[in-house]
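Please find the structures below.
There are two complexes below, and they share chain A, which is joined by chain B in the first and by chain C in the second.
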Partner chain A sequence: MPKASPQTSRHALTARIGPVAVAILLVVLLVLPHYLDNYSLRLATTVFMYCVLAWSWNFIGGFVGYPSFGIAAFFGLGSYVGAIMLTQDMIPFWLSPACAAVVCLVVAALLGAPILRLRGHYFAVASLALGEVFRELAMNWTAVTGGGMGVNLPPLRSSLGTDSQVFYYMFLLLALVTFAVTVAVGRSRLGVAFRCIRQNEEAANMIGIDATRVKIIAFALSAAFPGAAGALYASWVGYIDPSDVFDIIISVKAPVMALLGGVGTVAGPAIGAFLYLAFEEIVWRNLLQFHAAVLGLIIVLLVLFLPNGFVDVTRRRKILDGAS
Partner chain B sequence: MTALLELKGLSRRFGGLMAVSDVTLDIKPGSIVGLIGPNGAGKTTLVNLISGALKPNAGEMWFKGTRIDGLAAHKISGLGIARTFQVVQPFPEMTALENVAAAAMFAGKAGSLREANARAEAMLERVGLGGLGATSAASLSLGQRKRLEFAKSLAMRPSLLLLDEVNAGLHGSEIDAAIALIRSLAQDGLTILIIEHLVKLVVALCDEVAVLHHGQLIARGPSADITNDPRVIEAYLGERYSKRGQNQQRVTDAAR
Partner chain C sequence: MLFVQNVVNGLLLGGLYVCIAIGFSLIWGVLNIINFLHGSLIVLGSYIAYFAFVYFGLSPFIAPIFIMPLMFAFGYALQGSVLNVVIGKPVLITLTLTFGLDLILNNLMVWGFTANFRRVVFEHPLPTFEVHGIVIPGDRLMAMALAFLLTLIFFLLLNRSRIGRAIVAVRNDRDAAVLMGVNVKQIYAITFATGVAFAGAAGSLLSVVFPISPINSGVLLGKAFVICILGGLGSIGGAVIGGLALGIIESIGAMAAGPEYTVLISFIVLLAVLAIKPTGIAGKLGYE
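Take a look at the complex of A and B:
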């Protein structure tokens, strides 16, 4: 027992500091737009969007351990749901993310039942195919989606502030909601069920966990938030087309960010999103020709040296301290 | 007395192999039944069928008056059938306590996390893992992991416990401890089906023994009688030994 005591006191410390740090960060983020130029504001908004995608992937990929490449499918679906509803003047702007989230939740729950029978690589490929199928649908269902011509969205013209500021706060709010749900799920019975399934699905069934239902919930959660993010994104950029919003790179980015920060943790995906965007801005700008190669290199290095992400670095040092 | 578990003509095929063939068996509440048979007799397949990990091709299973064949594994465990695995299946990234608490939380229907943890503590204590609750399941020894399986099953508050070779890979003193534990559980009124390789151990523990051979139930009866059954000896040791046994019997009979 004495071995456990420094760890528990450290836990207590982080538990006390955690909420305070989050509160300070929140205040900083709330006043930040008034001090940022448009370029920085766009970057900050993108970080929030990436956080949403990484946390979303974390539900199915991190907690449950099913390597989904389906984020783009629901990001795209959400952006089309939002775009179509807004151009038809069916709903006010602020309601479009919620509508997109609900549609994505339902679609993912329906598709999850057949897809989640597959495991490992098979599931990964099936989830990847979802995005491609949706893209083809958007391409060819011209009457509704405008096909390859894409959709132009009405400008915001909000009285609350400049468009950049409004989208900053909307994405911040969405990121906070995703974060809150991640924390809540992580502490609930559902979170325990997620972790049991990741470690041993058969044993999870044997202790009374309805693995199929639990996996569908995780998949639906990992679809709803990207859907909302897609709807916001559509309004933000003002124009969407199938190859933009169903881009496979979105499905790759989400797990890479989560891996970068720490899979299956609460803070990891956000840290990963921040690191990834910093990397994207600094390196890719200077290496335009090679950015895909560099992305591949990051994935390889991550798998080799940091399979549990940056969050794990502190944990690993602790283990080394204990050994010496 | 009505049976707690009733199997009627249960069969399961793997390709051309009848792993379990037309097995009819009932287990009375409060009894300890042993299921023995040589390697590949279909013992573990039968456990997989009862626990819902596999679906039968034919036959019926009734538990407490409910028909359970075709039900999903999580439903069956929720009804009160718990099992241990021949190859232990802990959640390796969780502590011993978390492993047991998870079982208490879902199939055990614990109302709160606190209740689940309290029950898990008690179960770890009961199987002799008290004080190891904070240890990661991955770093437990094989003997300890077997006991962890036990604790997980017990935390589910089952009325029927299926023990699939809980003693395989254990050494003498660990086996003694396991036997003592099984006896104490039986005294509490738990119904137990033990799948075992060690015939001696089954005979010592069980009220009744069923023998499986090539997927078929070839004998069933009080444990003392079963070891003298020529069909059982034949299944285990081959025809020559069973004949020799019969001949000897005849010789001794003649000598009288």
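Take a look at the complex of A and C:
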């Protein structure tokens, strides 16, 4: 009988501990709003939002390995869809993320076919340009979007709790859904197809994977959740404008968080989002004038010294420990 | 007549656009790095030209002579210290890294120079020509002529000098270049520094035509993207075609739809080119 390697035994261990840890974390997160002040609630909500964005990016960028910088495009699109539907009083508040997600899913599926034929640098540029086009559309289509003036959203007035509590739970729910889909996809045939394409697209085609279709699914998934997050964000902050919700930095932050935590892993993007936002908050508080520069510095140092993320570092150490 | 005037305006602008893009195209083509810093580097060149003009009375038309060596040194140091580490890495890494560097440089410029718009105002501007009712501002014409001169110098540099040939060799076949005794690391640094130097020169010429502010860096970077994709990467001819085409598209688009739509139009053109012919109008492999 082959001896179990340290890696497989570790896998067995995480398989047993993983669900328990997630359950404990979930209970803590559910009762937390009753003990936090508004400031901490806002921070926690932001963490959930970026967890959603980083996990979403992970579908196309991590699993399939296509360097997407298009998260802001769909975050912005979703926030405008949500904002416009709510100001027109077309739907109740809680339905706006779902509507935005569907719109983003469809738009991404339609745009995916031409864009996903591109690879590497060209795909990166195309995904980046998508956000710019959407932003300019929002800027110029004044009759619908309000142009550079932005959109003011109606206040929430929920009977379920304070606004910050409601948005905390909404973003938590969205993060859980994104997480669940990530786990489900990771274990399904679709996830196998994703990883095949990352390793070798020609070979994936050869063994009968319809690469174009699979890539479009990944791209649509990585658009739908940011769309929902955008719609929630719009109601949360109460006012959006094109330069805010289509900001390129959103498109860069999502992969940076995934890089920080570990690309292509299930937990990595969430860990990365948490660590990054912790850094960012400290920087914001202490270096207001230089916050962009310090965030730039964090990105530079991260890329130079931790290109595979924290998850990877610990894994390497574990393997080394096992070998010694 | 209005149409001809717009085409002329577009060509005048396009000459400068060529100059914006050649450095960006060179770095992308040879190092395979999308240099997100490019917009901020152009703005930095504009600021150096502006201060040289205000404090020493030096014309931005002449300033490239000293701006280029300065920017070259800056680019060489940047490549040697930071960018060299990520050569050959996937675009996710290289683009993210230059984005981070851009945040730093841009923030420092906002801090040092403030985000207020500044403008080079000549005491004696060059005369404005009028040919058959077509108005040609002398300063713009001069800026375009110098932009083409710089492009010509760039062309000669790559085609006639030993270092230029080495850059093209590394671009075409890195391993063969190594076997021929080319110091690839040094060539990478020189290539990046050259791209930065031309960004600085472009910034100097732009300072005559456009107001200067760190806020502009994103717009300039966007233009560099569109020009490179439109004309095709990897050749000076591509940058020239792309630059002139963008100039004309912008001025005619502004006439037809309104100036606020120029950015939207140029990015839609970019996506259309990527969807139909990703190599661009004149794209080819080597830097010939």
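Please note the rule applied: the second predicted complex is superposed on the first by the 313 of 324 C-alpha atoms of A that agree within 3 Å, B and C clash if a C-alpha of one lies under 4 Å from a C-alpha of the other, contacts with A are read in each partner's own complex, and residues count from 1 in each chain.
Just so we're on the same page, contacts are C-beta pairs under 8 Å (C-beta built on N, C-alpha and C of every residue); 3 or more make two chains touch, one makes a residue touch a chain.
Predicted model, so just to flag it, every value in this text is computed and none were measured.
Once chain A of one complex is fitted onto chain A of the other, the partner contacts of A:V125 are limited to chain C, with no touch recorded for chain B. By the touch criterion stated above, A:M139 is placed in contact with chain C alone, chain B being left untouched.
In the superposition on chain A, A:A211 makes contact with chain B only, not with chain C. When the two complexes are overlaid on their common chain A, residue A:L26 makes contact with neither chain B nor chain C. Contact with chain B, but none with chain C, is seen for A:A203 once the two complexes are overlaid on the shared chain.
Of the two partner chains, neither chain B nor chain C is touched by A:M90.
Look at A:A184: by the touch rule set out above, it reaches neither chain B nor chain C. When the two complexes are overlaid on their common chain A, residue A:A193 makes contact with chain B while staying clear of chain C. Between chain B and chain C, C touches the greater number of residues of chain A. The contact sets of chain A with chain B and with chain C never meet.
Listed in rising order, the residues of chain C touching chain A in the complex are 28, 32, 34, 82, 85-86, 89-93, 95-97, 99-104, 106-108, 110-111, 218, 222, 225, 229, 260-261, 263-264, 267-268, 270-271, 274-275, 278. The touching residues of chain A, when paired with chain C in their complex, are 61, 67, 69, 114-115, 117-118, 120-122, 124-126, 128-130, 132-133, 136-137, 139-140, 248, 252, 255-256, 259, 289-293, 295-300, 303-304, 307. Residues 51-53, 72-75, 77-78, 82-83, 85, 89-94, 98, 102-103, 105-109, 113, 131, 134, 152, 156 of chain B touch chain A in their complex. Every residue of chain A that touches chain B in the complex is listed here, in rising order: 1, 4, 189, 192-193, 195-196, 199-200, 202-212.
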